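Which chain is which? They are A, B, C and D, in the order written, and residues in each are numbered from 1.
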């Protein structure tokens, strides 16, 4: 008898998890760690409901994947049981390399790298642990698997990852306009030349999906208060690393201390495979989550280092910095003057004022014509990129990279 | 003590109706008639849940209006109690002139006219009935009231009518992507030079609103099956009028018979004011609703007239016609040939084949730059049309009139 | 390739209808008629959103049935494809014999009978039409099929009918407390000795289901305003029948006239099988729906018969009668006096005053210990009736028949 | 102009927070700390969506309080502006004394005491900080304020606390049957003899509320897996205290260490007022939250103490203990034997096996006849306790204290 565990998901209702390898992967400590990593980093400072975790997100994405597989099979697409298992495991594990606060800190832990190097590293270790059962999963994840659409279901402009996170983040932030018709889009998915495509009648849902995604970006992910809180967090960790690496002892869990006291590159991580280092690196990574950072920051708020304590107190007690947004870069002289001003106020070296007064830019385009396209498939067999098929958008507008500049300084 | 009746609305939860004139207007038979007029005509043939009525819609729009008035007042906008009452009554009555099946048949009952002439006629009669208490309401409705924003709340590109119907139609059709953040948009409304404007941070909600509206148009209001069913309905009534006016007796309620046997122009209606005709016209109009039409059509499905019975049977039993959509007009010769073919099949005169084989076009633009603009108000006091303020749209795309042509013929 | 039509349901999202016999049954005019029969009769007078139809309800119940079949199969219960088809068709057709306004008028059309005799009659006719493909369906519906649990899924205290209508009615009335966890209950269903049972951990959901059902009864189905409006409707039809059968010609569609001018018993209906009568009876029944009644009542509101016009006007314009509720029968003398008073006021014979002043009772019990029980199945194999298993209820409380008496008279 | 900050709440939509003292209290670090305290402790181990915090809950309860005040005022109940502010602040602060993981650990931090002693202590300190502006709030909270119904709105069997948490917990766990019609219940609230009462027509909502509460208790709050995880957490902290107080140094934040190394009684807390101790006690309490505990437990999972590391590893990696539930106490001998068995397996002293093998009981009654009653107010002025007014319940059933016993031991 085919048994499944049933889990309650506020977004989709009851979700089924098949027993066997999928269930065992979920029970593994590396996976359970995702329970302690917030999906949206610090967005809950603006949207108090957004305390949901990576753990929930990947379960939701797994649920959508099973729907997509069933729908495609219903249309005659051949997907073997092994391929189904592979693509389900791939979506389940695609975020397993996320560090504390998801995207916010990823470059603080491994220079110049994204969470995906850790994902791959952990997948490989789990593959060993589970006796090679993740081989297809890894091939799909790395896009080495012959049926390319399986990779597209995991990672493309219309993958199950996005379908879940847009809907879920919309649900938990309460930004109801962000709602995406995931079930409708999934039913409209089809295959054309081994690539995912969307049936013609689904075009309005796709337009809506692209607009919702844009709305969520500007309203939530790049919300200026979220942005400034994430910058604070980054500066705190950056400052802590500097202090530790210059010899200070800071309160930290051993795993956090491991990362504060070392600098890694993505190459270090990927080459750690056959060295002794691997054990240490993965073990420490697997031990670190949001709570290590937050519990340390609360202690650091009373640290003797004026910069570290100032930033830490600001983050914990939500005394966020002022932020100014404009469409062109800020005047460098103004920034320099502000830094002098704040260095004086806080009595710190002017070199350190970059932690307090900082500028930068954020950008987003709703649709990328360079990455995997979203193709609309007409009944007559024509396949057209959505940016051309839509009578609403035109490609130049849609793929325009919107860039905004910000300047931030403490309040008061 | 200020008493209010509480009504359950599936969309907004509990709605409050103040006792007094508002309550009395709702209790009037002219208003109660809206319970028997479906909001979306025949859309329930495609979206079975869409059986909601004009009655619900106007109560919902009234609810949003009270929220809008409260929010504007909270921002310091002066709205007197009489003005509040006027604008609430205006939104409550703005659809009272809708005939059976809302928009579908309006031109069949009064040539070249919309439901608004009846709305005005009925408002005036109610004003007499209620001793002049609707004076402000009518002035606002006719845009004669000095504070122009009150009219805009009732009728503009961002009025309470649209905010309610988009959300409500989305709810009842189950097209979840159509969800509009009505409460958020209302909180973002402000006043600038006595015109409604939207605070700058509301721009993403407005973009989403425009896209949702577009989606609802193509996915619901202009859905090809809905379209073809509405054409069938129009042809049925048209054919019945022709038969009645040529002397046939058709089964019909007296009120329906009144309209089948006469041709009115909008001018006739508006000039009926002081003649004896008014009583008859309004009385008959107030007596007619969806049920007169449907009960007659069921009888007509067995009528001796081959065209009337064929169309009526098709509508009642949902044997809809085939419809073809394309982006340019259909070839006239092809249409002529099809008509000959179908006239032969059904054994009717070829002149009557226009009821069976027909072409036409539908069009929609998401945003009109000609009518009342939606203005975005920046903190520095600049006011910019949304089509220019948005970095997403550009005006040429946004206001582009999308036109589609269709050709329809019976199945089989 | 297994094709399915997808339909939008506001309650469950996307519903799939398999092509083939299921789809053909839905397309049949007898089934399409359900689009014109409101699920909740006149409840929309109190809950304006409750305009949903029998058509939606049976599609929803069909959806739950497919979930239940899939869940039971997943637990090892054997259900053949033919049995699945049978049970799906049975739930789809279980309400096909509902006349106008669902339950309200059923005894006016066929004396002493419920809609089920028509359901069976129509099922049989459809079985002939579809070449015997409904044989299993009918056997299940009539509880002649060996696997008794299939009938229980269609008709029992925990059938898919109830699970759908409670949730759906709760959704459309906006009575959010009525929400039933249909998906959870379905996943908890299991089989024990060929009877449906509920796994022990589902007991709280069952308790909640019984309480929700009770709440919906008193808050919606037996709401006093709904009750009085349904009594008005019954009296109108009763009076119209009396007039027609005494020789008056009343405005009515032919089908309505057919039923007004004749009295049927359930036996007449069931025995009409092999006579000529059947064609007429089923044909007329299949032609009648809410619109026949409403369009006639609007005309009757101006009828010369004082009782008919008074009642009809009251219903159409929602000038409902006053209703008084108490826990014991009303004093007969008081009723007699009120009747005399109202007969005088309206200038009608005192014999007719029973249409204007009337008493009666309503009753409901949350759970019947006499009909099919809801059994809770423990892990140790014990099976206990929910009324005994629950530590909340005790059987005497739960199955207590709550009876309330009402007295109604016109207002003013 | 009356300005309000708008916050998105997934449960209620947009919530308004008035600027001024209410806003300042929310911005205070003591209040912000609630962002780091999960509302449902470890329930997210069973219901992954339940990661919401005390912060959200109190904002939601504040929102309901403003609705309740407005509704009561609309019925003529006099509530002054100062009283409104007081009751709003009281509900906002009623949970400010919750320690890490809400209820789970409260007895570990202060012996024999609930979170309310800290709540009061912090309210008093905030009152000093805000120059006495919390005087009315504290009087209401302590039930010293003359208008007793204000206290009832904050704390009674039908207070805004319960209305919010039942609805919110139902939302985030996805246990949809737990939905409570908070808005409807609030509109039904009225006053009788200065006590809150519920209008008679609200009785079905109250019944549903009591049943929902019961369902949430057994399905969520006392779910056996939640229970066992909370016991693990309690044992971990208990063991850590024992170790620290016997001289071991354990990894911990300074604030956590403060509580691990000392034993407080409720009396100590309340008497700390005028001593020097207060500063330390409140300061440390205000510094501690879920993250201190979790980050420490992750480190303790590798501790040399076999009991501490075993329990810590089990909690972090969700290797929960087996739990057995029955309706009578467990056999003592069996428990003793199990303890010997597990002490041997883990190689620890048998005295420590109580951490590994443990029994206990949980109980819940749906309604307490001893505490504040919920009174139903009839139109004739009679006021009846809901347990007597309901024809559903009888008091003996309703207030029956359901007790269940459990026995727990490690798996494997």
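Just so it is clear, contacts are C-beta pairs under 8 Å (C-beta built on N, C-alpha and C of every residue); 3 or more make two chains touch, one makes a residue touch a chain.
Every value quoted in this text rests on a predicted model; they were computed, and no experiment measured them.
K.L.:
More contacting C-beta pairs: A-D or C-D?
P.N.:
When the contacts at C-D and A-D are counted, A-D has more.
K.L.:
Measuring between mean CA coordinates, which chain is farthest from chain C?
P.N.:
Ranked by distance of C-alpha centres from chain C, the top chain is A.
K.L.:
For chain B versus chain D, what separation do you get between their C-alpha means, in angstrom?
P.N.:
About 50 Å, centre to centre.
K.L.:
Starting from the mean Cα coordinates of chain A and chain D, work out the distance between those two points in Å.
P.N.:
Distance between chain centres, rounded to whole Å: 32 Å.
K.L.:
Quick one: chain C and chain D, Cα centre-to-centre, how many Å?
P.N.:
Computed from C-alpha means, the inter-chain centre distance equals 44 Å.
K.L.:
Among the residues of chain B, which are close enough to touch at least two other chains?
P.N.:
13, 175-176, 184
K.L.:
Report the residues of chain C in contact with chain B in the complex, numbered from low to high.
P.N.:
Going through chain C, the ones touching chain B are 7-11, 13, 27, 29, 32, 35-36, 44-45, 47-49, 51-53, 55-56, 59, 171-176, 251, 253-255, 287, 289-292, 294-296, 298-299, 316-318.
K.L.:
Within their complex, state which residues of chain C touch chain A.
P.N.:
1-2, 4, 6, 13-14, 74-76, 183-184, 187
K.L.:
Would you mind writing out the residues of chain D in touch with chain C in their complex?
P.N.:
175-177, 179-181, 184, 204-205, 207-209, 211-212, 214-215, 218-219, 366, 391-394, 397, 400, 402
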